[in-house]
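Here come two complexes built around chain A, the first alongside chain B, the second alongside chain C.
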Partner chain A sequence: MTRAAVEIPTKKKLRVATTSLAGCFGCHMSLLDIDERLVPLLELVELDASPLTDIKHPGPCDLGLIEGGLCNADNVRMLRVFREQCKVLVAMGACAINGGLPAQRNHLDIRDCLQTVYLSGHGVERGFIPNDPELPLPLKQVHPLHDVVKIDYFLPGCPPSAEAIWQFLTDIIAGRTPHLGHGLIKYD
Partner chain B sequence: MALNLSAIVARHGGDPSRLVQILRDVMDAEGHVAPPVITALASTLGVSRGQVEGVVGFYSFLDSEPRGKYRVLFSDNITDELSGGHELRQRMLDAFRLELGEVSRDGLVSIGATSCTGLCDQGPAMLVNGRAIARLTPARIGAIASLIRGESPMDQWPDNLFVIDSHIERKDLLLSTPLSPGEAIDAAIARGAAATIDEIARSGLRGRGGAGFGTGQKWAACAAAHGGGPAERYVVCNADEGEPGTFKDRELFAHYTDLVLEGMTVAGFAVGAQKGLIYLRAEYPFLFAPLLAKLEERRRAGLLGRDVRGARGFDFDIELHIGAGAYVCGEESALIESLEGKRGIPRNRPPFPVTHGYKQQPTVVNNVETLAVAALIAKHGADFLRAVGTAKSSGTKVLSVSGDVARPGIYEYPFGVPVARVLEDAGARDTQAVQVGGPSGILLGANELGRRISFEDVPSAGAFMVFDTTRDMLAVVENFTRFFAHESCGFCTPCRVGTTLSAQMMKRLVAGKGSRRDMKDLAKVTQIMKASSHCGLGHTAGNPVIDALAKFRPSFDRKLRSLDVLPTFDLDEALAPAREATARDDAEAHFNEEES
Partner chain C sequence: MHSPLDTAEHPEKLRRVVIEPVSRVEGHGKVTILLDDQRKVHQVRLHIVEFRGFERFIQGRPYWEVPVMVQRLCGICPVSHHLAASKALDAVVGARTLTPAAERIRRLMHYGQILQSHALHFYHLASPDLLFGFDADPRKRNVVGVLAAYPDIARQGVLLRKYGQECIRVTAGKRVHGTGSIPGGVNKRVTAEERDELRRPLSDIRAWAQAGVALVTELHEHNRDLYEQFGTVKSSLLSIVGRDGKLDLYDGVLRARDAQGAIIFDGVEPKDYHVQLRENVRSWSYMKFPFIVSRGPEEGWYKVGPLARIQNCDAIGTPLAEAARQELIADSHGAIVHAPLVFHWARMIELLHAVEVIEGLLADPALLGDELVASGPRARTGVGIIEAPRGTLIHQYEVDEHDLVTMCNLIVSTTHNNQAMNEAIRQVARQHLDGHEPTEGLLNHIEVAIRAFDPCLSCATHALGKMPLAVEIVDAQGALVERLVRDGERL
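Now for the complex of A and B:
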């Protein structure tokens, strides 16, 4: 790549998209936990698709933050859209990195899960397994993001602390290789 | 079949350190170790239930659930695979309409896979209820299937099924020097214990199990442990021989039994031990009875027991322990744990077995071949060994040659022999690669056949598997990664996770579903295993992958489906169970080809 091709606009805001796949929005809550630093952050970044903007599909972005793993077909499709649109893609939090809590179901047969929940479970009457084409089908097992696309950075934690997210974002905005270091890397 | 548990326990003196042996007997009597038996054993032996259950769960040949009345295990070494083992296995599975690892509904038969059974010179091979059957053919499979269908008791099966051939193709110093029983012991006694150790050290004898530690140094350390004062010292003969492609110890025990036992006795005399233990792998059941008979014969001849060969105060006897199907038990500290009736998990070292070994006492653990050579040195002196070999590898090496050669079998050469010479003698043609020392050893490419078997260049624990140019080296390496994933003891994370990840990635690559990322990750995972595993298994499990990536790169590149990142699983197939449950088949219920 020539130097001209990677020319970095100095004033242009960084375009950021975020989404939660098979997650609990805890990582997004942790992002909000950077509190008043949100104000200077919004001076530097422009939010594209995100639960915070309620835009559903991202356009071309510099950075994508993904919370949650892959538990159904929609998760996979959305992840691929993010991969196409984002220059840098980040797996944020335990579920995105390892499957996390939703992956607890991986030792069960998904057919049995559906049977139990919609047909044979306690208190279920005249049940049926929902089959509307609008509903995404669950995958056999829950997978981490990197099982399907290339992930550029992994931000561990359940959730990653607000400090860790802040450190990560400020490094990226400043054009540095993100470095969390001791104290900010936590796996729980 | 009624299980007489108290009789079994009594036979082993109620000794909890004999737990693995007790459980083997329970398996023989009942086919599995049922949970109530585990509970009963724990209380009889005065150990926790968890300990017994842990041991049952650890070893491949111990089961807590019933298997088939006929338990068939196909050897899954690469040499078995290349000689058609998988096709024969499938034929038998089809005959009984079973999946691999499944028990037939009537409980008659189960068919599974097991790691290399050490019959690589006469594969494909299998074990039926622990008994080895070699040289499998479609006809033999048919005959075995009929015997099983007819529920014929195994002791009434035709004897020729169980014949194990012997192919000793080349003899050198070790295999051609005769020794009468007692000669080496007499020589050692005449020389004295300390001088015998000196003689072994001066001969330059190094461990033949692969690591090459100085045998004299090991013996001296054991003799000197605890200030050289009185202690219960032990000599252990490591006959676990689990490294795929190795079968030299099988032949040494079959045809040079006296030499090995003599070596153990000499070691016992030299270090001041009263007891020797043989840890023999369960895959060699055809050796058990002859070996026990030979021990009895030597007791009667005064070669074992009290005042051996009339030397007052030199009491030494040898006990046979049988393994239960765990490769990691070839590692000496894991082997000792197993001898003590525990899970075969390698110990932290130091302290080393020479000071804190079996039952925390000073223990020498030597390979079968090392002990045989030691016997000859005791008789003929250090120079006898020094006269052959190279500067740092004196003597000879017994190789187990298998794979794409005209004459597989046992070949003994002086150290320093070029790989090409072995290939020529064994009748190899169009050789593409040689795996020396087994999967944990070194994979040599066709341009390296001038390299020499020696501690200076290519060390070997004895395996020598040859692959000609028709073979897919990726499939070979995939077999090895599968082996390590199966044999990792699970104690440390880098090895437990790393071996499984490697096997998964290799499987994808071989199937032509891999991407450049898999190759990068493979390199990374193998490095992590090497750097951070608890024992030698994890340190070496990545070797075949590392060697193959370096030497057979085009084989990998040809198979890559993409230079980019591909999903590690089949996306559309991952939706199949949910499609079935919802009876959906619309476009959204699939990942189309472009998406997958």
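Now for the complex of A and C:
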């Protein structure tokens, strides 16, 4: 365990916040799948609020990456905070863009879902439906982000590949309009 | 009757402190703590605040979609769901035994996933607490801080994770949410070139895995009291073990031990899991509370995951990991270890084991076989159990004569640990918070205990709930998108 001297950054870094709303974290995993390139990336980028840091609420940021759609009131609140704080807001992945897998419940009655899971569920003893002020209100349907706020960029894919995310980020960092070339846009 | 600190008698008179979101864990959770004027803690709860409803909306879908859909519950351990669903549906398509190639390809996928997930959890998420201290500067207490202060350790973590992800890419087709496993086998063979590619970096990977075990052992020895006592609460242990009693993370039978290590049940076939395990619901969490039937809902909670597994099995079948396991056992003089922070040690032993298993699979010519799918007489139901990185994962399906799913039940790893995590944070609250003003550093102690279990809160949120508020959602132009009301009947 040799400890290196911590360097003080000189150049102003791009401030980036990320969050997962109704997503599976797969998009965040794909971001980490840039592997060793994390090291040069983190020299150019300062992470603000993110599942990877202990900053719980985003401050003013240059870029916000959001994974997942909106399935409850907390998701909506957090999305609004991100929109207020981030100059550029990105819907990352299928869930953020169109609701994704969680939106499969949109054609179902919520009460029916509740009962399947908590009352008639296999192996459930003395079941009832959870109800507590600490639990956020679920939406009747899962919504994509752009139903509620303006989104600047959409990165498709489930998840978008690490290559696509890398291309996007390096374009933004260099001040270019992001452009995903052939083969980087996938709708899986 | 609930455990102390589960429910305060007069919550309305108490001050509420909230940790939201719990960070550096996978998924969405929050902790609430209720304190009185003397800052005595009266209630501590880990809430799972999200929901998916997967068990309901999968009904009516064709069964072959399930292994691909179900992965979207969790992007950190998608392979676990992919394989648990495939295993359950193997029974439905009558594939009693897989072809030798399919079995090996699935195992390579699974151990690749154990490797990447354990590396991610330790190096990217948990190590900042252990290397910098629980109340270190929160701006530095993250993977970026580790990269700056311990570049070698961080780099090894990044490369270990990368290697596991590559094993998944080769077998599943892509790193996150691949499609390689199907009911009855796999749909993609491994070529000799791909195998050789994976063999090349192995000696470095093995050395870094060993360094990882050495690092956690050293951290433990430097701060023995903390590591042994922090959040420690005794409970039973649950996992699958191989049919020979050895550690097997892909397949086996259920075994449970009590807090002293005596067997509660053993050799339970996956299809009979429901005889031994049932689930309870609490009002304040979307996550259910499972328990061992013979012990009852109050006493029957247990731990799953690395610490449970390496103490539940008779031995580990690979030499380096078994030697490391013996060290851990000797350290406690053979007594069952319940300390949450020792999860990290056990996790790194498993990471080393995964590397050894992968090494063995890559040396096995049967891996390259091209008979990939088996079948047999159809069945209506199937149960698949696998040891996911975080613990036992159970998938159960019923499929009708039109190939459509009519029933689905999932018990995910993190749900098994629900009570264990709640008890651990209550213990930490007693040990560290009682009587103190809850500072950021002290609150991080609570999160450190949660992180030790490596919870996958995304997985745990596949259920739905009703809410006690009214809310209106308006779009960017102020138009009403949706309105919800308090009355559960009208949700």
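Some points to look at:
Just so we're on the same page, the second predicted complex is superposed on the first by the 178 of 188 C-alpha atoms of A that agree within 3 Å, B and C clash if a C-alpha of one lies under 4 Å from a C-alpha of the other, contacts with A are read in each partner's own complex, and residues count from 1 in each chain.
Just so it is clear, contacts are C-beta pairs under 8 Å (C-beta built on N, C-alpha and C of every residue); 3 or more make two chains touch, one makes a residue touch a chain.
Owing to the predicted nature of the structure, the values given are computational and were not obtained by experimental measurement.
With both structures placed on the common chain, the touch criterion links A:L108 to chain C but leaves chain B unconnected.
In the superposition on chain A, contact is made by A:P138 with both chain B and chain C. Of the two partner chains placed by the overlay, only chain C lies in contact with A:C71; chain B stays clear of it.
Of the two partner chains, both chain B and chain C are touched by A:I129.
In the superposed model, A:H28 makes contact with chain C only, not with chain B. More residues of chain A lie in contact with C than with the other chain of the pair chain B and chain C. Common to the chain B-facing and chain C-facing surfaces of chain A are residues 73, 76, 110-111, 114, 129-131, 133-134, 136-141, 143, 147-150.
Chain B makes touch with chain A in their complex at residues 517, 564-565, 567-569, 571, 573-584, 586-589, 591, 595. In the complex of the two chains, the chain A residues touching chain B come out as 73, 76-77, 80, 109-111, 114-115, 129-131, 133-134, 136-141, 143, 147-150. Taken together, the chain A residues at the contact with chain C in this complex read 1-4, 6-7, 20, 22-30, 32-33, 35-36, 38-39, 42, 47, 51-56, 70-74, 76, 100-102, 104-105, 108, 110-114, 116-118, 121-141, 143, 147-150, 158-159, 161-162, 188.
If you check the complex, the residues on chain C that touch chain A are 20-21, 23-28, 30, 32, 45, 47, 49-53, 55-57, 59, 69, 71-76, 78, 120, 124-125, 131, 138-139, 141-144, 147-153, 155, 158-159, 161-162, 165, 174-177, 215, 218, 274, 277-286, 288, 297, 396, 407, 409, 411, 444, 447, 458, 462-471, 473-476, 481-482, 484, 488-489, 491.
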